[in-house]
Amino acid sequence: MDTRLRVAVHKFSSCDGCQLAFLNSGADLLRLMPRVEFVHFAEAGFIAPDAPVDVAFVEGSISTPQDVERIERVRANSRYLVAIGACATAGGLQALRNDADAAAWMAAVYPRPAEIGALPVSSAIASHVPVDEEVWGCPVNEWQLLHVLQARIFGVRPAIENDKVCLECKRRQAVCVLVAQGAPCMGPVTHTGCGALCPRVRRACYACYGPAENPNAQALAARFAQLGLAPAAIARRFLSINNAAPVFHEAGIVWRERHDDHA
Amino acid sequence: MAATGFLLRSHLQDLLDALVAVGYRCVGPQVRDGAVCYDTLREAADLPWGWRDAQNPGTYRLRQTGGAYAFAWANGPQGLKPLLFAPRELLQTSIRAPDGGLRFAAPVASVGAMAVVGVRACDLAALRLLDQHFIGGFVPDPHYAARRADLFLIAVHCSHPAATCFCVSTGDGPRAEQGFDLALGETEAGFVVFAGSAAGAGLAERLPLRPAQAAEEAFVDAALADAVKAQTRSLPSRDLRAGLFGNLRHPRWEAVASRCLSCGNCTAVCPTCFCHGEGEEVAADGASSARYRQWDSCFTQEHSAIHGMVIRADTRQRYRQWLTHKLGSWHGQYGRSGCVGCGRCITWCPVGIDITEEAAAVCAGTP
Amino acid sequence: MRGDAMTEPQLLHEAVVIERIQESPVIFTLRLSFTDPELQAGYRFEPGQFNMVGLYGVGQSPISIVSDPQDERLLDHTIRGLGRVTLGLSRLAAGDRVGLRGPYGRGWPLAQAQGRDIVLITGGLGCAPAVSVIRYVLRRRERFGYLTILQGVKHADDLIWRRQYAQWSAFPDVHVGLAADVGAPGWFGVVGPVTALFDQAPIRAGSLVMMCGPEIMMRVVAAELVRRGIDENDMWLSMERNMHCATGLCGHCQIGPHFVCRDGPVFRYPELKALLGERGF
Amino acid sequence: MTTTREVRLCVPILARVEGEGALDLVVQDGRIETLRLRIFEPPRMFEKFLEGREYSELPDLVARICGICPVAYQMSAVQAIEGLFGIDPGPWVRAMRRVFYCGEWIQSHALHIHWLAAPDFLGYESAVGMAQAHAGVLQRGLALQGLGNAIIKLLGARSVHPVGARAGGFYAAPPAEEVAALRARLVAALPDAEALIAWAASLPLPASDQDFISVSLRHPLDYPMNEGRIVASHGLDIPVSEYETHFAERQVAYSTALFADLHGRPYLVGPLARMNLNADRLHPPVRAALARTGIVFPSRNMFHSVVARAAEIHQALLEAIGLLAGYRRPAETAAAAVPRSGTGFGATEAPRGLLWHRYEFDDEGCVRRARIVPPTSQNQGRMEEDLRGALEALGLDKEEEALRRRAEMVIRNYDPCISCATHFLRVRVARP
């Protein structure tokens, strides 16, 4: 009997960067193969979108009527569904259209917008079907995905840390860019997992890993204002890669309105 | 403490060379990414000559003054903690044989002897507390112990405290009184050298010291006296147990929670915070697994999570845990407060929350 | 084990699952034995102490030892399969290996309990640490006085080990009382909080009380017992906190100045009184 | 008797900028009745939501258009910004950007050759299937891919959506020891890169002889990558800012991606086009390695793209090795930017070909309007043309399976921002 973990990788509206983490894990991926069988993973050449699997990794956001149907099928066919990346967990950067006049945008990009079928909003997988695990990040990295695979091989839930970027920043002995440079770092409200990459190259985190547990977005935004950021700039810090994540969305809208009041 | 001698500025490199000659790796303060950080130190020229710092709640800036001093700054973002209690450490490896059999090994990394130059009094006090925690408990930590065993400490009397410092109030500085091998008092011309241990005296003998002049010693004393006067912050008392545990429902906890980011920076920079979490990392082929530990903080959810509930779910409870532990429960655990007055948690808090201010507000009115 | 623990305090040792017993849909017992016979022979513990049980590739959890200290062959661990480690452990079968280290912590005050009545009050989904006491006392019946076992659950359906309770109540000088906040058809116990059992129970002055369960329950029970004349110093509580190292280093299990792994998990009530029930400690 | 044989090649998951795609092929009476490369991924409308964002955010935002070639998006964007603001980032930044870009070429090309293309030529469904019989080849490919990623990480901290690049330069400079260590690994990989060229040339590549226009950047000294003028094989030579006067995008009913034409004709961008136009700029060892294969560039065989990719890996390795020699950490890693209103243009050579950006900025440096023309969009017309020719050459009477395989191979050969997806081609035959 084949006891390998049956795995699918599905793509919805996304840039492909998250599933690339599998192919970028190179030799480690090959070492996993005796225990993992990719049943569906188009990029790697495995095609069986409707086959039942133990674990389905889903990349991308839901943004067309067809997507809505397809994600239901994916859910029905998988025992454990993992949403990976900002698109799948929060609707992605493209969710910026949710607050805009999508029809006008379409008209601006396409000469004949009626021929393009799209939903007015781009939304997270969990707003359509139950999700067993969310792996945040834009993009998620090799380590995160391999960890989820390993955990499922052992039949347990993955251990996903949910601290803030700050703690990892300190573990890596980076010098705080907010304190030492006055840079508007999102680390204090952002979910850990990237390895505090931005502060380690001396720049402010831009929250590509989404909101951390227990984030105090308003207090951080107020600090940004003290540092001299204009309300519109503060709003953009929150309304970026993970703009539709509720905590960020709320903070962003508050500061955008503050900007509108001034303007 | 009587001075052992005087080391001319131009001979500072001799000190580093002597340490290397007896087998130490030297670690010392250097400017990196806009802050004074401890790193491997090869040349005395790499010390922060002429640099001064300005620290305030939530801000830290360095500027080059062109001055002649190497140590005219207050502590940077980290003390000795990361050098001894590594932010991440391999604790154990498990190897699984094809028949399911398990073998375990707990390697202790051999780190070699290390000498740290430039240590301040507050960090020496913090080290004594870490020693109590990591090697004074019922089960000593072998990783900490290994690094601690071969540590040579060269202290510097702290002449330029930051606006966030309050070691006078905790009784831990600015003069390095104990726990060092050598201590230096900096003057224009060089350093008044004090030996604090047999090893320190031994090393001093290898240095081209001349006798210290009374004026040089007086200069160091005067600088320390100025440093004492310069400190404006303080804690209400050295034992705040009654004030904190008597005010667990104080509205101030809620007020500070509205500003606090619950990011854990204060605990990560605090030279005495010791909390850490453990985790497991399986090798890709599944044949071995590594258990490691890494710094954790009482500001994280995981810190207090037991299955199905989080004991400290909100920031009010987490901040209260940090303060009541640091300034309160430590007395029961280690016989004194866990705060040595270094001020790091004030400077490196992204929103500039001030432990002295919060403690005073909560304890106000409690004798 | 101790000497070993001094140099490599966190090192796991291989143990094998000798037998696995399903106690209830979510509770199971693993009967473990170190594969190194010398280690097994030299292993000593007290009821109420716990081991760290390591599941390969997943993690470690603190689990009380419920076997009898005189049984030199087997170390029983009764576990609720809840999260990562414990659900993973629930899938093990006889012959599988785990890592084990311990024992850790301060056990129940059984020396002080000699010759006295013991009242055991537990709440919630079956309390493993208390079971070890029951077994210990029942096997050494002559050394202890009256044994009162009071168990409270939220809902009648939550009660497990019905058979064991029935067996225990059949022993001489044992009283078993069961209470559910919410009853159900066929519920044979009392409907109400566990304190509702007190009037029927032989709780006499001079009894030694051992408690294990939700902290709010323990606080209420302690207050009620004080009213009934039990000395605070005779009340003992078993506490649960997040725990990683079990050696007093990692800091997770602190309650005020106490480390649960080192100073507990069993505490004398006055040690905790001030913080018990204070949310956030 | 007329037989209608409808071959419908369906590609539900085409992971690329413009998104998912399918191929509709209707063959009737031995003739191709319909051939449509359909792209129907919902548009993510990047160009619209870049509006109102500050220039400093662009490198992070445009990276998200494509996870396979984020560096290219970042480099085209910073070029547009710097061109307008009048920033000269200086030689260190210029050199490091080329190194950064080399990393992306190496990783993207190695990924394409080994994960996507090789199984085609060697007769496997996937690279994982090749792992046993061609272990050495696959290991070598993964190692090169890993090296490409390592280069990107050196300057960008991570290989997908790197965080190191900014308008004006980089946020930080890597320490010299790290650079030296990586450079040593690059040097050690040179024999692998040479061997890869020989191996690629030895693959059973189908014969094909087509007349097409190649378009790429051209630089006075370097093999084109981060800068240059836009040139075409039939004589075009224009500055980047004049792209729109010669190239036009049009919408076709069956695709959400816009098709681009040069003077009304389809054209090719990407490694083969670059090679056809710039073989004279290759490092001598690459030229020598190519000479040993007997393949001559310019080439009219589209399948020589895979050889061109292998050659570009070698070229990029040599380039990075040269640029990192004598590396010193600079005092400043980025030139200051002072916003200015107006229009900025940027074009660089993404692994898949020319990537053109245009932004209009207001006085504060916020984007008023953006236009991005990715390489796959430009290759769409060429792909249809090629498919038509390739399938006819194969013989339209062939089995559907054979048609499908050849069609997949042709599409994948363009590496259309994950040609992998074409593994997904399914044939549905409808007979009346």
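Each chain carries a letter (A, B, C and D) given by its place in the written order, and its residues are counted from 1.
Please note the rule applied: contacts are C-beta pairs under 8 Å (C-beta built on N, C-alpha and C of every residue); 3 or more make two chains touch, one makes a residue touch a chain.
As the structure is a prediction and not an experimental result, all values here were calculated from the model.
Asker: Hey, which chain is the most central one here, using CA centres?
Answerer: A
Asker: From the mean C-alpha coordinate of chain A to that of chain C, what's the distance rounded to whole Å?
Answerer: 42
Asker: Centroid of chain B to centroid of chain C, CA atoms only: how many Å?
Answerer: That gives a centre separation of 39 Å.
Asker: Chain A to chain D: how many Å between their CA centres?
Answerer: Whole-Å distance between the two chain centres: 25.
Asker: If you average the CA atoms of chain C and of chain D, how many Å lie between those two points?
Answerer: The answer is 63 Å.
Asker: Counting only residues that touch at least 2 other chains, which ones in chain A make the list?
Answerer: Residues 27, 150, 154, 159, 202 of chain A each touch two or more of the other chains.
Asker: Spell out, as numbers or ranges, the residues of chain C touching 2 or more other chains.
Answerer: 57-59, 83
Asker: Between which chains does touch occur?
Answerer: All chain pairs meeting the touch criterion are A-B, A-C, A-D, B-C.
Asker: Under the touch definition given earlier, write down the residues of chain B that touch chain A in their complex.
Answerer: Touching chain A: residues 32-35, 37, 58-61, 77-78, 82, 87-88, 258-265, 268-269, 279-286, 294-297, 300-302, 313-315, 347-351 of chain B.
Asker: Write out the stretch or stretches of chain A touching chain D in their complex.
Answerer: 10-11, 13-21, 23-24, 26-27, 30, 33, 38, 42-47, 49, 63-64, 67, 92-94, 96-97, 100, 102, 105-106, 108-112, 115-119, 122, 138-139, 141, 194, 197-198, 200-203, 206, 208, 233, 236, 240-241
Asker: Given the complex with chain C, which residues does chain B contribute to the contact?
Answerer: 91-92, 94, 96, 100-106, 133-134, 137-142, 245, 248, 274-280, 282, 286, 289, 291, 293, 296, 298, 302-308, 311-312, 316-318, 320-321, 324-325, 328-333
Asker: If you look only at chain A, which of its residues touch chain B in the complex?
Answerer: The contact residues of chain A facing chain B are 25, 27-29, 31-32, 34-35, 146-147, 150, 153-154, 159, 161-164, 166-167, 170-176, 178-182, 185, 187-189, 202, 213-216, 219-220, 222-223.
Asker: What residues of chain A sit close enough to touch chain C in their complex?
Answerer: 150-151, 154-157, 159
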